[in-house]
Amino acid sequence: MAGNSIGVSYRITTFGESHGLSVGVIIDGVPPGIELQEQDIQVEMNRRKPGQSAVTTPRKEGDKVSIVSGLFEGKTTGTPLTIILHNKDADSGAYSNIKDFFRPGHADYTYHHKYGIRDYRGSGRASGRETAGRVAAGAVAKKILEAYGIKITAFTLEAAGIRCESIDLSIIEDNPMRAADAAAAWKMTEKVTELADIGDSAGGIVQCIISGVPAGLGEPVFDKIDADLAKAIISIGGVKGIEFGTGFGAAAMRGSEHNDQMDKKGFKTNNAGGILGGISTGADIVFRAAVKPTSSIEHTQQTIDIDGNETEISTTGRHDPCLTPRIVPVIESMAAIVIVDHVQRHRSQVSG
Amino acid sequence: MAGNSIGVSYRITTFGESHGLSVGVIIDGVPPGIELQEQDIQVEMNRRKPGQSAVTTPRKEGDKVSIVSGLFEGKTTGTPLTIILHNKDADSGAYSNIKDFFRPGHADYTYHHKYGIRDYRGSGRASGRETAGRVAAGAVAKKILEAYGIKITAFTLEAAGIRCESIDLSIIEDNPMRAADAAAAWKMTEKVTELADIGDSAGGIVQCIISGVPAGLGEPVFDKIDADLAKAIISIGGVKGIEFGTGFGAAAMRGSEHNDQMDKKGFKTNNAGGILGGISTGADIVFRAAVKPTSSIEHTQQTIDIDGNETEISTTGRHDPCLTPRIVPVIESMAAIVIVDHVQRHRSQVSG
Amino acid sequence: MAGNSIGVSYRITTFGESHGLSVGVIIDGVPPGIELQEQDIQVEMNRRKPGQSAVTTPRKEGDKVSIVSGLFEGKTTGTPLTIILHNKDADSGAYSNIKDFFRPGHADYTYHHKYGIRDYRGSGRASGRETAGRVAAGAVAKKILEAYGIKITAFTLEAAGIRCESIDLSIIEDNPMRAADAAAAWKMTEKVTELADIGDSAGGIVQCIISGVPAGLGEPVFDKIDADLAKAIISIGGVKGIEFGTGFGAAAMRGSEHNDQMDKKGFKTNNAGGILGGISTGADIVFRAAVKPTSSIEHTQQTIDIDGNETEISTTGRHDPCLTPRIVPVIESMAAIVIVDHVQRHRSQVSG
Amino acid sequence: MAGNSIGVSYRITTFGESHGLSVGVIIDGVPPGIELQEQDIQVEMNRRKPGQSAVTTPRKEGDKVSIVSGLFEGKTTGTPLTIILHNKDADSGAYSNIKDFFRPGHADYTYHHKYGIRDYRGSGRASGRETAGRVAAGAVAKKILEAYGIKITAFTLEAAGIRCESIDLSIIEDNPMRAADAAAAWKMTEKVTELADIGDSAGGIVQCIISGVPAGLGEPVFDKIDADLAKAIISIGGVKGIEFGTGFGAAAMRGSEHNDQMDKKGFKTNNAGGILGGISTGADIVFRAAVKPTSSIEHTQQTIDIDGNETEISTTGRHDPCLTPRIVPVIESMAAIVIVDHVQRHRSQVSG
């Protein structure tokens, strides 16, 4: 029972390897009659694509969107929407030297043990390239959410140890780190570039805010909205943690501090991050994701080969020195997919 | 599309409200021929039950385990295993005063908005009582995992701001906080009791270690082992965050620090928490869960009633001042359920 | 990946063996706010129960319905509805002689080979007793469908080689065969009783008519409404075939005969059985199910024991000489479950 | 909750419309390490493709198989296998006249009512073209089953009222009807051609034999092997009924006739069609499917337009006068998909 699908009513299945013919996604459960163009998806693909700045890899991906089914005369038909992205700039040669080695921090070792065979070129299925299908499906989800007034915005809250001290959502797309604090963004860029120059990489934290969500989304007791968001976000390569509202900070709080009291205008605070009992409260859903430093670094590291012999490895090639800027649209996409899914799931059981 | 089931091959469905006739669980996918007695489940139920100490609620739950199907002559038959726990000490009267009010930190408001109707007695379906079914299913899962040499141990790492400074798994069941550091346990107990005395509550962090997991479990790209653990753990009421390995700490690390290098003996460090690319590495799976302070406190808090009028509320009744000791077996159970599920899922696609 | 659940949005999981403590069902996805009493379910259970007449087994089943969760103050709450039926008249002794033998026509041999262990008492999980959970879930489904004006009626069209020559739905509950033609019912009863007297059994055909279904239900291309009905009906023990509309009769027809032409009032004929392209047309959904003769007969038959030795067996005990009368409510129930599921599934993707 | 996927462990999702850019399938759950070439799939696609003879449509479909993911150096990798077939000979113009009309026997009316929008070109998603993805996935399934010694053979048992009087599986691919009786094949061809000449069409019956299936496959009580086969086969456009073993013939049989007795060599008869209690017995699985006459005929028929006005329609274009020859590989494919799925499902719960 493989696991390449997510969602129940808005269900996506991604496919493709980094250096195969193409990557893409099938979305089953798109409502009929939604106006959609390839350009709607292209804009999100462009946010995800490599080579946008000094802090992202110069590798060029052929992210030209092609919708091959489910669309007729500019509208969705309710049948499976298939989006394909052909792989173009696939420099497999650069990877052939890793064929027999397990790169530290990568999935080489685990894919080898799970399947007994792996497409080692550019990390194959475990490549960040796989997220292209997620972003395509997320773009469609965002389009659907527009009609509900639901908006999803993620940004780099922290990178390389530098944290935003204020949050201004309007500047996110204006700086290469996709940070929400211009001054912090500047420092992050500097620090990340510095690490890149010495062949190293940086981790970070991405925050996501979902506004306009009505109260009532989420399906207790297992498919709670936070449980499903957690799964969707942790399923992104490189994400090692997630927290909602005050999150880990709640551990040191008292009930009298953490409980969000209410008055006529609604919740007076939002320590819960917009979710109680796994169901949305109507307040902003707020979560943060921990992003590990990029595994591909030029530092010489100890490892073993597929025969168990000890050896050393240094990953050359083109890689992001910090993943947060390009993970931002991926996190927004996964969040959008979960929210649309839950809008449709809720409507299924509770009509009207 | 309600969400009361979790797992694919080892799939559980829980049912029941806090003050209904009974709570319980159906497990579909239990391997045939497993030796099982009600007592195997009872021991785990006893770890979860209230009234174990000063830091847990004195409320008595009727956690007498009854296996009503799927077992024949002391062995599982492969058919659905149904476990029922009859509710006994259900003091509904104590809750009737909350019928029309939304308690801060509780799911009252969200259930009301989602379903338009709610069983308000003892939080109904949103009660911690629901976890009894999880623990029953977890006990069976642990029994299955024994044969694989997989062991799951959770403990209170932090409570009320006090953190274990060393980890000794052998003492967990010897202190009321289920902490892994005797000195810290003592301080936690003192601090939590102090908060309980003033009608307040404390949050905490639970750590979980899964040892003996073979390399290869987890189904990319969405049903990664960490993604499924994240969903399972976040689905537990009161859990607000999860992190794997160094987790949020990875945000401030460099790739050269975070990558786990390998030699002939295996991974030299375990910053990844036993998971790479969503697949187990064979090292211990390690995660931490953030637990919010108990919402039911005696402090007077501002809220509204179901007609939107402002009012004040103070939750009386019997409640745990800190959830971590009793959440420990629930976290172990959810982890066990996920691991068994993935053992069986892996075997489905990859034979031999 | 066991298979004890069916449905996606209205999803049922049955449990229990013939001679275990109880059988029952959990329904996940019941809409909140539906008025429901145990009596609503009891009336359907009574239609299914044994001992109703000379053509059904005199065995008494303890089909006293108990709703243990999901109901509050007479209304469904949207949480899992659990219905339990305690087994009472469980005469296990009568079955101990079949412990080591495979009865012809029964699932003894296949359960033994699948699981390596089987609860042989009264056929265990493979017993017709399992359908009690289906009928309970079907009763709730029928209650939900009432509000949509959807009505489901099944009847014995043929038994022991005797076929109804006319269809009068009003008389079904008035004759022991649940036939729709009084004269045929009389002959069927006579013939079946005759077979019972010589220790043999009879097969038959049940027809089902679902009226009031709106156009648009069914999810191409795999979860077509006829595909899901086929699965649900064939999953009933003893059913060996299903056909829609003219069914197998269509094989000998021409397109010009089979195509249902339309005028302003709708479809002029209903050869399609109310379904085109897997989606309901708005006309009555009509299908027929082939029911094999009861496997438990007193005739001496050749078989083998679990060690492969040849032997003879004659099934004593109390059994229906013809299954159709008691399968009628089971077929209605499975049909109702599928229709509610599809009403909710359709609403999920297509709002309004 | 759309329904474009089928299977649990070997799970396929098809996509594409008749006149869109392409049709195809994603298969999730393919075992790793299976040797596979596009040619393995192409041979099955060629059996399905139009224009093979006088009794199939002369329309040319561009069924050139392209595997775009999941394959590496000639072997499957365990990741999603995606197979795409580009649409080439798409003569949309021929269909523009049906834009506003509902053709009798077609899904025009129901798609219109379900989605409010439809891709009317060549029946869009409801076209037989959709089965190309099924056949591609079936070819892979057959490849997997080879290693288990499981073989699936379907053939035309009856067409235009003419039935095979003997069964010779070796001649099926030698006659245009894919019948198993040379004399009957000749008569069928003559009769079908005759009907085609007068602008009419013929129905038929396809029989399928699955040999080499081990005892033990099938997941009671809902995902029985016959229940899942029924769903898979009925989900094929044009199939209106299915029966197992003696099927509807069982209705007129007695238990003493229908029960398959056993001796040391196994079952002495196979009235059950290789399935007892929803689990395979080890005997051949045998079923028959009723296929309606092709809906597209040149006869003038009464219908209505999308505004409800009465009108007449005559379907021109290129169509099969009888569907059975080309449905044969589709039925084999769906059967293969179900069997592989159940092999993998069984292994999940019951190891070794």
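For reference, chains read A, B, C and D in written order, and residue numbers begin at 1 within each chain.
Everything below uses one rule, namely that contacts are C-beta pairs under 8 Å (C-beta built on N, C-alpha and C of every residue); 3 or more make two chains touch, one makes a residue touch a chain.
Note that the structure is a prediction, hence the values are computed from the model and not measured.
Each step here moves to a touching chain, and the least such steps from subunit A to subunit D number 1. Two chain pairs, A-C and A-B, are compared here, and A-B has more C-beta pairs in contact (counted per touch definition above).
Between subunit A and subunit C, the centres computed from C-alpha atoms are 46 Å apart. Chain centres here are Cα means. That of subunit A falls 26 Å from that of subunit B.
Annotation for subunit B: residues 1-5, 8-9, 14, 29-30, 32, 78-79, 114-116, 125, 220, 344-345, 348-350 touch two or more other chains. Taken together, the subunit C residues at the contact with subunit B in this complex read 1-5, 8-9, 11, 13-17, 20-24, 26, 28-30, 32-33, 66, 68-70, 72, 75, 77-80, 82, 84, 114-119, 124-125, 344, 348. On the side of subunit D, the complex with subunit C involves touching residues 1-6, 8-9, 14, 102, 104-107, 109-111, 113-116, 125-126, 130, 158-161, 195, 200-205, 215-224, 226-228, 230-235, 237, 240-264, 268, 272-273, 275-282, 290-297, 299, 301-304, 308-310, 345-346, 348-350. In the complex of the two chains, the subunit B residues touching subunit D come out as 1, 8-9, 29-32, 78-79, 220, 344-345, 347-351.
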